[in-house]
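Both of the next two complexes hold chain A, though its partner changes from chain B to chain C.
Let's look at the complex of A and B:
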C-alpha cells in the first residue's frame, strides 16, 4: 500500500486516514491523497416537514421545511433516534440522486420556505450542505442546520455565511456523558454554539433527557446556567423525551415529571422560552410572552393552532419576541 | 574494612542515579512498544473499496478542510 496520510479537519475528531480509509463518520475518505465525500448529491432521506418538527419554534411558524439527510454521523450516541441512517456507511443504504440544484427546485415546488439539513449529521455532508445553501440563499429560501454542533471553527465560519437558523443538540453538560454515551466531547459543541450566535445564526437548543444518564437536576441546572450565561436568556430550549432506542433499549422513556421538572429548572434559571418535545402536554409546546405571560403561539404536536406574534412582537405588551417571524 | 559492591563512594552516587534514570527510561520506552504498540496502518483493498462505492451509485466529490500530514502510510 502506498500513499500519504490525510487528516480531515471538518470536525474535532480530525481523523487521520490512510489511502482508501474512511473517517469515523463513514462518509468521508482518503482516495489518491485527497479527502473526498461519498455522499454529495446522494441523500438517503428527503421529506417535507413542518418546521416545528426540527424543532425550530421561533422561525417561520407553520411553514414547511424541505428536509434532507445523507448516511453517516461523526457521533455515535447510544440513544440515536435515526441510527438506521446515521450509523451506517452510505453504500449500505438506498439513496436518491439529488443535486443541490435539485434540492432547491424541490423546495420551491413544494412551497417550502426553508431547507433543513437534518436527520443524520450535516457536518458529515458539509459540502452538499454548503453548495445547496448557497443556491437556496439566492432563491431567498432559509437554510436550517439541525446538528450536534460537533464542527471545527473554520468550516463552521464558512457555513455560517449561508445559514439562517440552527437547532443544536446539546446532549448533556458533562464531558463524561459526551465521552461515554456520545463518543465525542463537550467543549467543541459549547464553542460552536457560541460561534453560531456570534455569526448571527438564530440558535435553538435541544436537550434529550435520558433517564439515569443526564437527568440529574443539578446537571440540568448546570446546562441551563451555561445557556443563560453564554447564549442569553432568549435562546429557546427544547427538552425532549427519550424513547428506548438503538443501544439504550434497556432504559424506560423519560417520565413526564422529569421533563416538567427540567422545564421548571430552566424557567427558574431565567430562560425565557422553554419547551417540551416528544410528549403530548397541553402547554409544553406553546410560546408565551416573557413579559405579560400571554399565549402567543399555540401548538399541538407539530401543528400551529394559533400564532399571534405580529412583526416579531407580542400584540398585547409590544415586547420583542426574538426569532425569524417573516 | 573490605569494600562491598554496594558501598558506593559519594562521588559515584551521581553516576549511579544517572544510570538508573537512563536505564529506566529505556525500559519504559521498550515496555510501551511491547505492551502498547501503535495501531497498525490498516490494510485496505482500495480497488475493492472503489468498486463498492461505484456499485452503490455513489461518487467521489472533493471534500474541503483537510491536510496531508506528511506521514507516510507505508509501514
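Let's look at the complex of A and C:
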C-alpha cells in the first residue's frame, strides 16, 4: 500500500480518494494509486425500450433503444425515481458481465437503432459508455446519453464526439434546490447543457416537478427563460410527474394542474416543443408544428400512433422540425 | 489396458464437467461481487499529504 491520494476528475465533485476509498458515486475507487471503475462491463440493467421512454421525442420516433445502466450515481436526489440502482454500491445489486462488444451485438440482434446509457447515471460508468459508444458508431447505431449532466468539460468533450443525442435532467433553476435536494450544484449542469449544444449533440431537457420544492411558477418561468435564451426555442422540454419515492415519500404526486400550468408557462416563454411525461394526458405527448399548429406526431404513452414528419419537415407548411428523424 | 483407458476417459469427463460447473458457479457468484476493474480515465495522483474527501472505504 503506497497510500497516495488520487483525485477523480470525471465530475465537478472531484473526489479525492485515499487508497481503498471510493468516490461519492460509489463506483470509482483508488486501487494502488490508480483510479479504477468498479462497473466496467457489469450492467445491473439492460433492456430494450421504446426511445420515447428516455424521453427523446425528436429522435427516430417509434424506434428501439437498447438501454444499459450500472449501479451508482454522482447525485443523490431525494426524489430519485431509480434509487434502487442509483443509490447503491455495485456489490449490493446483481449484475451480469456484458462487454461493450456484447452490448453492441445485442443492440444489433434486437434491431435497436440506438444504445441508451440511462436509468442510473452514465457519467459514473463513463469508460463503459465511451468504449461502447465508439463501437456502436462503427455499426451506425446512435448513442443516447440520459443523464443529470453533472460532468466536467474535458470528459464531456471527449464523449460528445460519439454522442448523437442526450436527454439531460435540469432538475431545478436555483442553486439552493440543487444543493439541498440533489447534493450537487446547478452551474456545472447549465455549462454542460450549453457544451452539448455547441458540440452538435441533439439535446432534450427533462424537468421533474416536485410539489413544494421546485413547482413555483416563478421558478418554472426562470427555467424556461434560461432554456429559451441559452439553448434556443427549439429545445424540447419535458415536464415530468413526480411520484413519492426514496426520501420524499411524504410528498404527494405532482398534481395534473401543476404540469399543465408549467406547460403553459413554457409555451408563453416561446419554447416550441413542450411535453408532459409520466401522466396520461390527451395531447401532452404530441408534437405540433410551431408554425401551422397541425398535429405531427401523435403519441399515447410511449407508443407512437402516427408520425407525419417527412424529411424533418412539417408536411403541411414545410416548416423544419428539428431533431434526428431518419 | 482397456480398463485404464476407460478410467482415463472417465476422469477426463469428470474433470471437464467439474471445471465447467465450477466456472459457472463462480461466474454467477461473482456476478454480485465487485472486482477492481478497468483503469478509469480522467484522474490525477496527488501527494499523500492531501486532504481526502472521498466516500466510503471498500
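In this section, the second predicted complex is superposed on the first by the 324 of 326 C-alpha atoms of A that agree within 3 Å, B and C clash if a C-alpha of one lies under 4 Å from a C-alpha of the other, contacts with A are read in each partner's own complex, and residues count from 1 in each chain.
Note that in this section a contact is a pair of C-beta atoms (placed from the backbone, for glycine too) under 8 Å apart; a residue touches a chain by one contact, two chains touch by 3 or more.
Just so it is clear, the model here is predicted, and its values are computed rather than measured.
S.K.: Please tell me, clash or fit, for chain B and chain C sharing chain A in the overlay.
M.R.: Superposition check on chain A flags a clash between chain B and chain C.
S.K.: Using the touch definition from the top, say if A:127 reaches chain B (first), chain C (second), both or neither.
M.R.: So A:127 meets both chain B and chain C here.
S.K.: Spot which of chain B and chain C makes contact with more residues of chain A, would you?
M.R.: Touching more of chain A: C.
S.K.: Using the superposition on chain A described above, determine whether A:35 touches chain B (first), chain C (second), both, or neither.
M.R.: Both: A:35 reaches chain B and chain C.
S.K.: Going by the contact rule set out at the top, does A:171 touch chain B (first), chain C (second), both, or neither?
M.R.: Neither partner.
S.K.: Tell me which partner A:24 touches in the superposition: chain B (first), chain C (second), both or neither.
M.R.: second
S.K.: Could you say whether A:97 touches chain B, chain C, both of them, or neither, answering first, second, both or neither?
M.R.: A:97 sits against chain B and chain C alike.
S.K.: May I ask you to decide whether A:299 touches chain B, chain C, both, or neither, giving the answer as first, second, both or neither?
M.R.: neither
S.K.: For chain A, which residues lie in the overlap of the chain B contacts and the chain C contacts?
M.R.: 2-10, 16, 18, 20-21, 28-29, 31, 33-42, 90-91, 95, 97, 126-127, 130, 152, 154-155, 158
S.K.: Would you pull the chain A residues touching chain C in the complex into a rising list?
M.R.: Chain A residues touching chain C: 2-10, 15-18, 20-26, 28-31, 33-42, 89-91, 93-97, 126-127, 130, 152, 154-155, 158.
S.K.: Along chain C, where are the residues that touch chain A in the complex?
M.R.: By the definition above, chain C touches chain A via 27, 31-48, 50-58.
S.K.: Taking the complex as given, what residues does chain B use to touch chain A?
M.R.: 41-46, 49-50, 52-53, 55-74
S.K.: Help me check something: in the complex, which residues belonging to chain A touch chain B?
M.R.: 1-10, 16, 18-21, 28-29, 31, 33-42, 90-91, 95, 97, 126-127, 130, 152, 154-155, 158
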